[in-house]
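After this come two complexes, each holding subunit A, first together with subunit B and then together with subunit C.
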Partner chain A sequence: MAFVKKEITHARPAPLSERSVIGWMHKHLFSSFYNSILTIVTLYIIYITTKGLWVWGIADAVWIAESRRECFDISIDGACWAGVIAWMDNIFYGRYPKDELWRVNVGILLLIVWMLPLWLPRVKGKIFIAITLISFYPFLANYIFLGGESSFFSQFMVSAAIVSFVVIMLNAIIGVIQGQSISTFIATRLGSSLKSEKSQRNLNLALLIITFIIAFLWQQSWVLGEVPWTKWGGLFLTLVISGIGIATALPGGIILALGRRSKLPVIKVLSTTFIEVFRSVPLITVLFMATTMFPLFLPEGFVLNKLAQVIIAVCLFNAAYMAETVRGGLQTIPKGQYEGAHTIGLGYWGTMGLIVMPQALKNMIPNIVGNFISILKGTTLVSIIGLFDILGMLSSVSRDLSWIGLHKEPLLFGAMIFFILCALMSKYSRHLEAKLSTNRKT
Partner chain B sequence: MFFSINEYQREIIVVANDSNTKSQRIKPKEKFNFFHDERVRGIFYQLLTVVIIGCFFWYLISNTAHNLELRGMNSGFGFLNVAAGFDPGFKLISYTPGIGTYGRIFLIGILNTLYVSFLAIIACTVLGFFIGILRLSNNWLISKVALTFIEIFRNTPLLIQLIFWYVGVFSILPQIKNSLDLSAGAEVVLLNNRGLYTAWPVPGEQFWITGVAFMAALICVYLLKKWANKHQDKTGKRVAVLLPSLAILLILPGLVFLLTGSPLSWDIPKIEGFNFVGGASLPPAFIALLVALVVYGAAHMAEIVRAGIQSINKGQNDAALAIGLRQNKALRLIIIPQAMPAIIPPMISLWLSTVKNSSLAVAIGYSDIVSLFMQTSLNQAGYAIEIVAMTMGFYMFVSLIISGLLNIYNKKVQLVER
Partner chain C sequence: MKLTTFFTSVAAVTGILVGGMTTASAESTLEIVKKRDHLRCQIGKPSPGFYTIDAKGDWDGFYVANCQAIAAAIFGDKSKVKYQSVGSQVRFTALANGESDLLSQSATMTMSRDSQLGLDFLQTNFYDGQGFMVRKDSGITSALQLKGAKVCVKTGSTSELNLADFSRKHNLKISAVTFEDFNVRDETYVKGGCDALTNDKSSLAANSAAFPKPKDHLILPETLSKEPLGLVVRQGDSDWANLVRWSLNAMVNAEELGVNSQNVDEMRKSDNPSIRRLLGVEGNLHDGIGLDKDWAYNIIKQIGNYGENYERYLGNGEKALGITRAGTLNALWTNGGLLYSPPMR
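Moving on, here comes the complex of A and B:
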């Protein structure tokens, strides 16, 4: 009576119709009669479009030419990328002097290197990195990009930026190698000579002051030639405006959102009015307002340049939008979190800063990054009021005598740059969201 | 509140101490500290804010008054009655340069903005819904095509798209002599670099009877639909309504139209000299703006629809298929009605941003309110403060109305949900 099988029967593999390419195609492309027709028609449309784009943009395109006429001579229906290539420097840097372009590159490189330790898991003291970045880097960047004579305050801030940059770099190197912060590293190196915390702090302070003095003296030894803001342009100017917009939107938005949820009626009404006014009008009207009305607001003889007007307008406008995003995040936090924070004795700022805001901002990461993307896209509007940002440069190509009427190629190139920047941002936001998510995976 | 609890607890401790060790007494601290009271601090902070903001505005206003005086600029709204010397281009109401006033220019700008936004909102909602559903199609290829469309148009600035449509597509259309004929040889819909020209119906004297017949047909359809619903409630059987309704809508007005002797003629565009005369025309800037707004809005709308539909539990679709509904009916009768509360609020925000985005018209010279009023009128007449305030006021008014709509909808949905 050996009808019972002793060993376990292994599961058979799924049928071929489920796992093969043909199975997949049957399921996803040809599941019904109409679906099959749809697939074939779509394939044909894709083929036509791709072929057209390929022939126009690559196969028949002209890459090397001196003028648009020459492009036409070589190929009549192809794209004339030569014009874009000839204007490449202008598209990226505007009319920044050719010999000084390294300054823009150095400034942007410094920013990237400064932010790099934020992504290294072993590095300690990331809050310090972020704070110095926000408080000192703008002065350093301003000095590098603008140059010229600088005031004592500006020199002071530039030196502070240099010192914090050096400290952060050392900290990052020690962090990667040893997994320690720089102050513990110094303390352990010096060993028993520093017993109390106080003497250790004094030593750190002394080291900082010495580096600061060295940096201050060193930065006085060189002077950068002045490049007035009117020469700034291209992608560089777009990044400057949107970078400042992004950096101020989040803090501004947090303050406004807290104001709107405040229990104090005056503060609540003021914040709500600010938010609603700026959210209900288009950015272009705010920009026009800035350029026509700021000169009237300011005292006689005090002239604010157009770039500053635009930056102020962009900051105000985007802070209002960010405030609504942050408020949305605050609304997702249940009441129990506030009560729990009160129970352990935290006051208003403690509750907000340590308990509520981190959760609210984390919940809103996709929306916050979405906001950043719209700030970047919205910055193109400054070309309407006469700044030569990337779009201003792209449209100038068609006004250049040798490339007259060349519209499509530069615009497509610009669209591509924006597409890449925006796609990178949203990709990073998805990564950040997954990394910070505290939901337990089931 | 916490203050009082602490006081209360401290008194309990004091009492306990009293009963145990009589020699030691802990003095309770003073109950009311003026500077640590929450209400006092609240009032102080608010007063401080009011004073700071007040000073700031006073500073701005005094500067402005001084600057206006210095530059000899006038203020006040009297300029609205002054004749403006420029031609606004595209307009929906009549205007003669040199006679029409700035007030009328303001009106033309408002109408132009509302006109293009209205058309763009309708088209982008419909197109966006369609693309959003395609995005969720179980056909892999279709879904990926929809995704590509959405990603390309959402991740590039609207202004670049707009200028691309304008200078890259609608400005390089053929000259008037070689107009593209969109009506396949009938020469009634023509597209060229001066814009879109179409034949336009001119109603005759008795055309109003057809209009009345159409209204009557609409009422019939409404009654039919009502009767069909009642019938379904009573007997459980569905009566087909769509085809009979269409038939009523077509046949009744059509018959009346023919019986009254076809009182409708077409005004067909004809080349006269260097331009078309007759018919209706739209300038290339208008078409470019409309197309850009529709495509950009549709990409966003598609994302809204996708998110709304995906927020519905998958079990709803499975259950709908299990009771024998086809996929398209499951979508129409089960999924979309439930997804609507998640779709409509962001959709209304999208409408609002479409109205705001139409202000980019200034970049391509379509005469919307910003380009007519905030740019041309401001440059010609001055009166910066008044003009900026009026333009912003218009947008605030529109946004007030649209958020009012949203509030009404939210209240309605909440009532249904209980």
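Moving on, here comes the complex of A and C:
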């Protein structure tokens, strides 16, 4: 019978109008008369903007010069990037002594290395990493950045930070190679000689104490000259302030949001008042009150650390904003989840910590990251009250006599730095969303 | 404008509060400063010539040198200063609340500021005044020719008000083009967006260095306003005010007597009684302000006299703004200027 085809008919490629470049252009750019006009106008605008930027910023730009006058002599219409290059250290580190810049780099590098295991899937004990990071790293960073005489307490915390860092690094290496946590690794290596859990715990403790003593003795030999905070500045200062702000905003916001939804009237009223007061006042006013008005209420001659005041103000302000984001997230959780938690016998903290928060936080990721980005950008307000953060440094370039009036190039450079930082944050948030998304996708 | 008004009223309230508190306190500013072992000096946002951050990150400038002079007088070491750099909106509050020991910023002394903020304006050490800058090829040589002109001016500043007064007084119908940022203002002027630019003359001179062709521009002779700039301290501690006032006087006096940082050591052997008293070789001028015999010697040795300071930052020095001093109000009284130190005896 010849009615049935013997061989399989292969699928034909899509018509040319669907897959060729011309077809795509016809469909997306020139589908109608008006769309064609729009496309041409837009292309023209893109062309002149890019061309202008190219000619000003790259083709006619001056990269090597001693002063703005020299830039003008070389090219009168081009950008003068030489000024930005000359000020690079100031833009990144502020007035931090130039011989000590390695300290800032080491401090930031330590933070990155400390956090790295958090992203490695095979590493165990991530909660430990996060807790030590929040409780010990700030003391270590504080000592590295500030230097000078340190108290016994701070030496103690610095040693604790060193010990945790060593443990985390070993744990991460063992995790990647063996897929075990460090304590299991030690236990299996020693084999049957240590059977009971108790003796294993004692051994771990002994190891920790020995490392601690070594670390304590080692850190006593450190000699770091004092760099007062007044010398901090640039991107470094921006990252310090916004980093602390970001690290405290979420926990603070969660506590405040739970407080606001609490059934206990005192906690509820206090949280609500705090949130509403801070949310109804602009950040610059909070900063101004904290740095300029607050000292009035203190005894005379008692001068606080302005940086600390600013950081506290930024933290309180952002915690209040974050609280409302968290509250919004809590409201997306249906009542059935609470009831379900109660039926399996969970109390308040169990319900919140195991059932509600994990779901709510996942829903809130875009908002939380949005908040983080606005913290980073909002920090530039501190340049108004006399701290030289990155914006303060960028605008100081135009007042250096060698580079006088040079304001577009530094600000453009600053915009690029902010764009990179914010884009990274938002990219990471999308990655996190995709990773955490369950099949409840809509 | 509103923000500025708010900050000024805050400063006034602060001044009153602090004024009440200082009378109760036992410790003088000098004792506090000595105990702290450094001076807290408030300067302005970076501005060429007056206070600048160089590419190494250090503060320098005319008003920064004033802070250093006070530190040299107190500690014999000009580096014992910590600077606070704040904008003009909060400067008076940041002095009144005790954050800083003195304000060394280009703050114009006016009656209302001196009498209402709880602050003392010490005598002027830089006389500025508002002027106009025009392009040379416009053919304008006097501000009175600016009829119907468009003038670029910074918003919210006294320059804007002075411009309006000047225009009304001479019936010039000047239209002001206002800007928030002085870089944008200057660029608009250079690109031909305005016929003239107005600001304090020292700033005009400083900013024109940023123009592609500074020689094509000209500062007109007329001066619209009086801008006496000097150091400011909190009211209520006259001893501290005396110390600051006489430290600055010592610099002016030194110039008048021909003492400078180069020859100060030789000058100690001078027979001139005025010089001997100034440098602490004889007499006991230092007793009254509670400092060492060498206080003025240290200022002159480490910073220099007024003229040296002027030339280094504002005059014709290598890194200076290039504002010629001769013939202006900032010349010594012996040269027809206004700088005049009362006798030190």
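We adopt the following convention: the second predicted complex is superposed on the first by the 421 of 442 C-alpha atoms of A that agree within 3 Å, B and C clash if a C-alpha of one lies under 4 Å from a C-alpha of the other, contacts with A are read in each partner's own complex, and residues count from 1 in each chain.
By definition in this document, contacts are C-beta pairs under 8 Å (C-beta built on N, C-alpha and C of every residue); 3 or more make two chains touch, one makes a residue touch a chain.
Remember, it's a predicted structure, so these values are computed and weren't measured experimentally.
Superposition of the two structures on subunit A shows subunit C clashing with subunit B. Contacts of A:87 after superposition: subunit C is touched, whereas subunit B is not reached. By the touch criterion stated above, A:342 is placed in contact with subunit B alone, subunit C being left untouched. Legend: residue contacts after superposition of the two complexes on their common chain; A:201 is shown touching neither subunit B nor subunit C. When the shared chain is aligned, subunit B and subunit C each come close enough to touch A:292. In the superposition on chain A, contact of A:96 is made with subunit C only, not with subunit B.
In the superposed model, A:122 lies in contact with neither subunit B nor subunit C. Greater residue coverage of subunit A by touch, when subunit B is weighed against subunit C, goes to B.
Using the contact criterion defined above for the overlaid structures, shared-chain residue A:381 touches subunit B, although it does not reach subunit C. When the shared chain is aligned, subunit C comes close enough to touch A:400, but subunit B does not. By the touch criterion stated above, A:431 is placed in contact with neither subunit B nor subunit C.
Clashing C-alpha atoms with subunit B appear in a single stretch of subunit C, chosen from 39-47, 57-65, 129-137 or 147-155: 147-155.
When both complexes are aligned on chain A by C-alpha atoms, subunit A residues 288, 292-293, 295-296, 300, 384, 395, 398, 407-408 touch subunit B in the first and subunit C in the second. Taken in their complex, subunit A has these residues touching subunit C: 68-69, 72, 76, 86-87, 89-90, 93-98, 228, 230-231, 233, 288, 292-293, 295-296, 300-301, 303, 306, 384-386, 388, 393, 395-396, 398-402, 404-408. Contact residues on subunit B toward subunit A in their complex (touch as defined above): 2, 42, 45-46, 49-50, 53, 60, 63-64, 66-68, 70, 138-142, 145, 151-152, 155-161, 163-164, 167-168, 171, 352, 356-357, 359-360, 362-363, 370, 374-375, 378, 384-385, 388, 391-392, 395-396, 398-400. Contact residues of subunit C toward subunit A in the complex are 10, 14, 17-18, 21-22, 25, 27, 32, 40, 45-49, 52-58, 82-87, 89-90, 93-94, 97-99, 181, 183-184, 186-187, 206-207, 209-212, 319, 321. Interface of subunit A with subunit B (complex): residues 28-29, 31, 35, 38-39, 42-43, 46, 263-267, 270, 277, 279-282, 284-285, 288-289, 292-293, 295-300, 342, 373, 377-378, 380-381, 383-384, 391, 394-395, 398, 407-408, 411-412, 414-415, 418-419, 422-423, 426.
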